[in-house]
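In what follows, chain A forms one complex with chain B and a second complex with chain C.
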Partner chain A sequence: MLNRIKLLFLATGLLLMVVGVKPVIAKVKADDSSVAPSSSTLARGTSVDGYWSDDAYSWNGWITNGCSFCTGDPSCQCFYSDSTNGSGIFQVNINQYTTMIWSQELDYSTYGLTTSGSLWNACYPASGEGEIDDIGGSAANTLTYATTGQLCVTPDGQNQTYTGSYIIDGGTGLYPDYQGAGTIGDAIYGRLPSEVVSQIQFNGNIVPPAPSPSPLPTPSPWAAVATPTP
Partner chain B sequence: MKISLKVVAAALAMALAAMMSNGQPALAKSSKPDVLAKAPPTFLISARGQSNDGIFDDTGETCAYCPPDSENCGCFLSDASNGGTGYFQFNNGAQTPLTWTIEIDYINDGSSQIPTTNDSAVCIPAAGVGTGFQTGGRQVNSFDFETTGQICNTTNGYTTFTGSYIMDEGSGNYANATGSGSLIIGAYGNVDNEAGFMNQVQFTGNLGQ
Partner chain C sequence: MTIRSWARAGVFALASALVCGWASAPAIAGGTPPAESEVAPVGATYSLALRGNLADVAIATEGCNFCNGNSGNCSCLTFSSGSSSYWSWGNKPYSVIGFTAELDYFPTTYSTIDNGTGGNCSSAIGEITVQGSSSPNAVYAETVGMLCDAGANTPDPSSPYTGATYTGSYLIEGDQGVYDDAAGSGALSFGLNQSPFQTVPTAGQLQMTGNITPNTGVSQCSAAGEHC
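== the complex of A and B ==
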């Protein structure tokens, strides 16, 4: 009798492992109008050949457009980094991590600098965009994102960190048109000249696209306030 | 004690299933990485702590990056002493005890203040340094970091710091540490508190060599 109970217990455990133990609420079949649950996302990477660029005046008076989001403004500069000869790790929930290829551009305005808290060092408002490609070794799996935040020189004056948030604005393969948001922390070792070592860390979430039309309201601070009709 | 052959068979089947599923939920979509990273690997780290006696020094006298007689420079000081706590987790391993210190400096003049939607609350760019001592194990491993971000008043009179960190150096296992990530501090007090107050710190990021 005891062995039968043990066998039943183990068989139940085996069944649970095969189907995956999920919260009860996860078994509720979603209808077309429901929003899929988001998954946590962790990604990190190293870059060994980052470099700084700007929109500088050249010898003939032309402005060299070195940064994607600078419009001929020499006070705008940028930092490029990618995983070439570096590394990239991508993980969804507690699944096995996979590799990724990544690249990022951060543009910042020296015009908008503020003191960083340590004298003579500055913080700059920054924004940019990036790509995460070849997720899991498959060229089909990609994500793109935009980011905004603040780039600051650290107290020792030699390094920089970027504190920002990201919003996923595109995806393919396993992540078609996925959405998501989270934080980005960049650590940039050293300053000019080039060949800058840097690291990137994403902490956030990812979710399939919401059904269309989106059930979420789109706030518009510039929209005129509707006047109630009597 | 007699063990049924059926029990043994069931246990073996369960172990086999666990190996085949790689210990993942059945919904796992990810594949095992088939491309090895070329650079030395980085590892996920998570650290958190609580301090019971965080304090602001708005005179700047004890702040590492405030010049003497500065009128607008101040700092927030916090550590795990006097009953504070700290935990450090490396690459999803077991949590180990951590002691830590953090200093966040800021210059509070009109030009550096960033207004918020609350008239009495502002954000200020801030930068600082800190050290963590991983006290578990046979040797003490330590890491030094720098951080930059924004320190802000909350609407209810508390303070938060939202920043990123960069690993500088360390000792023991982290002698050549590099890394980045987010550093968040929640302080249950503000610059007007003369006595120490509770605050919490959270690191989420990576660490490499």
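== the complex of A and C ==
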């Protein structure tokens, strides 16, 4: 009986050795160098000081560009948000969560107004760019992305959601020139006290850049082709 | 090596796994989430995942909550959770939940756009209420997105209807119990086995993937006209 217990204990110990070693490795590598050919990414954050801006006519008739992408257009409006005084959390695969600093700008034109499922709540095609910096606490680790989607007023008429996709178009540090894509969901609370509060969510993937294709062999001049032997 | 030595190795492995692998909580992710009967720390955010099958799918053209006044061009799709519906936030284990949802959209072709293959797409707006696993806790979320046929629909009834998908975002607006002051965002999507532009679907699957701040510390009912 005692031997059976020992054997059971032994088997349990061996099983745990196999299973338990993996999370240790994942944490030692700090969810970075373990980024394999393709990895899932999850990121989320909060912003407490988001704000709206636009391209407006100034006193001399010139347009002051308050937005970065839809410049010179008085119908242009934009929403800025970042993690200052908020939060940012970044995760690759099932590795441990790390922190990140994030910022995003979404531009849209009021001329692009469409109705949502309700006539009283508008939607606008929107696009923008964002940065994810200081990933894992290292200023060297950054990602940049572009995003397109739709900014819509929610049923209560005071909040907005942004539903979009992102494409990673740059990275440094542990993510040099990385690529990836996924979805972004923003919740923009326009009526909480003091300032606009935004919540952002990324669901997607990340992948190292594909190797450059080998140069095609230079074709031989036709004259160099061997003359068929008669 | 004796059996006793192997047993010691097993004990060592168990201790190592507990200390290094399982016992450490993601502190920066907000720490271990509180029990559902407890209020979460102010401002802590957690990942949220909800999935479920749909039941009681229906379509109405009267009494819709969001496209009222748009007579003749307003439909509302409603459904509730099926028997296999779960959610988890933070590192909580998945638990059975219930939900009800309404999505209003434009059903007629003159107000829809082509889905790219001859089917329909319509902007859509709605809400979902999730009954947490500990009553009376509930989460209310608004959603706006696009409802689209998944393929080419044809008016020919002999042709099988294709399904449809909804792609949108959610915005949590608190609701009841420990989620009274909740906020959050993410993706909300669902699939239907038939096109709501053609007929009433009979089944579907819903997915919410995103985040939740269970306790913002700010009442979601601070302004008039909001969901409380």
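One rule holds in what follows: the second predicted complex is superposed on the first by the 173 of 230 C-alpha atoms of A that agree within 3 Å, B and C clash if a C-alpha of one lies under 4 Å from a C-alpha of the other, contacts with A are read in each partner's own complex, and residues count from 1 in each chain.
Assume a contact is a pair of C-beta atoms (placed from the backbone, for glycine too) under 8 Å apart; a residue touches a chain by one contact, two chains touch by 3 or more.
From a predicted model like this one, the values you see are computed outputs, not experimental measurements.
**Student:** Considering only touches as defined above, state whether A:Gly157 meets chain B (first), chain C (second), both or neither.
**Tutor:** Second partner only, chain C.
**Student:** State whether A:Asp55 touches chain B only (first), chain C only (second), both chains, or neither.
**Tutor:** neither
**Student:** Taking the superposition as given, does A:Ala187 touch the first partner, chain B, the second, chain C, both, or neither?
**Tutor:** Both partners, chain B and chain C.
**Student:** Check the residue A:Val92 against both partner chains and state whether it touches chain B (first), chain C (second), both, or neither.
**Tutor:** After superposing on A, A:Val92 lies in contact with chain B but is clear of chain C.
**Student:** Check whether A:Glu105 is in contact with chain B, with chain C, with both or with neither, and answer first, second, both or neither.
**Tutor:** After superposing on A, A:Glu105 lies clear of both chain B and chain C.
**Student:** If you stack the two complexes on chain A, which partner ends up touching A:Asp133: first (chain B), second (chain C), both, or neither?
**Tutor:** In the superposed model, A:Asp133 contacts neither chain B nor chain C.
**Student:** Contacts for A:Val197 in the overlay, against chain B (first) and chain C (second): which applies, first, second, both or neither?
**Tutor:** both
**Student:** So, does A:Cys123 touch the first partner chain B, the second partner chain C, both, or neither?
**Tutor:** both
**Student:** I'd like to check the shared interface: which positions of chain A are touched by both chain B and chain C across the two complexes?
**Tutor:** Residues common to the chain A contacts of chain C and of chain B are 3, 6-7, 10, 13-14, 17, 19-20, 22, 42, 44-46, 87, 89, 96-99, 114-119, 121, 123, 150, 152-156, 159-163, 183, 185-189, 197-201, 203, listed in rising order.
**Student:** What residues of chain B sit close enough to touch chain A in their complex?
**Tutor:** Residues 4, 6-7, 10-11, 13-14, 17-18, 21-22, 24-42, 44, 64-67, 73, 104-107, 109, 111-112, 114, 124-129, 146-150, 162-168, 178-183, 204-206, 208 of chain B touch chain A in their complex.
**Student:** Spell out the residues on chain A that touch chain C in their complex, using ranges where they run on.
**Tutor:** 3, 6-7, 9-10, 12-14, 16-17, 19-20, 22-24, 27, 42, 44-46, 87, 89, 96-99, 114-121, 123, 150, 152-163, 183, 185-189, 191-193, 197-201, 203
**Student:** Quick check on the complex: what are the chain C residues that touch chain A?
**Tutor:** Residues in contact with chain A: 3-4, 6-7, 9-14, 16-17, 20-22, 24, 26, 28-29, 43, 45, 47, 65-67, 69-70, 103-106, 122-127, 142-147, 167-173, 183-188, 209-211, 213, 216, 218, 222-223, 225-227.
**Student:** Please output the residues of chain A touching chain B within their complex, sorted ascending.
**Tutor:** These residues of chain A touch chain B: 3, 6-7, 10-11, 13-14, 17-22, 42, 44-46, 48, 85-89, 91-99, 114-119, 121, 123, 134, 136-138, 150, 152-156, 159-163, 174, 183-189, 197-201, 203.
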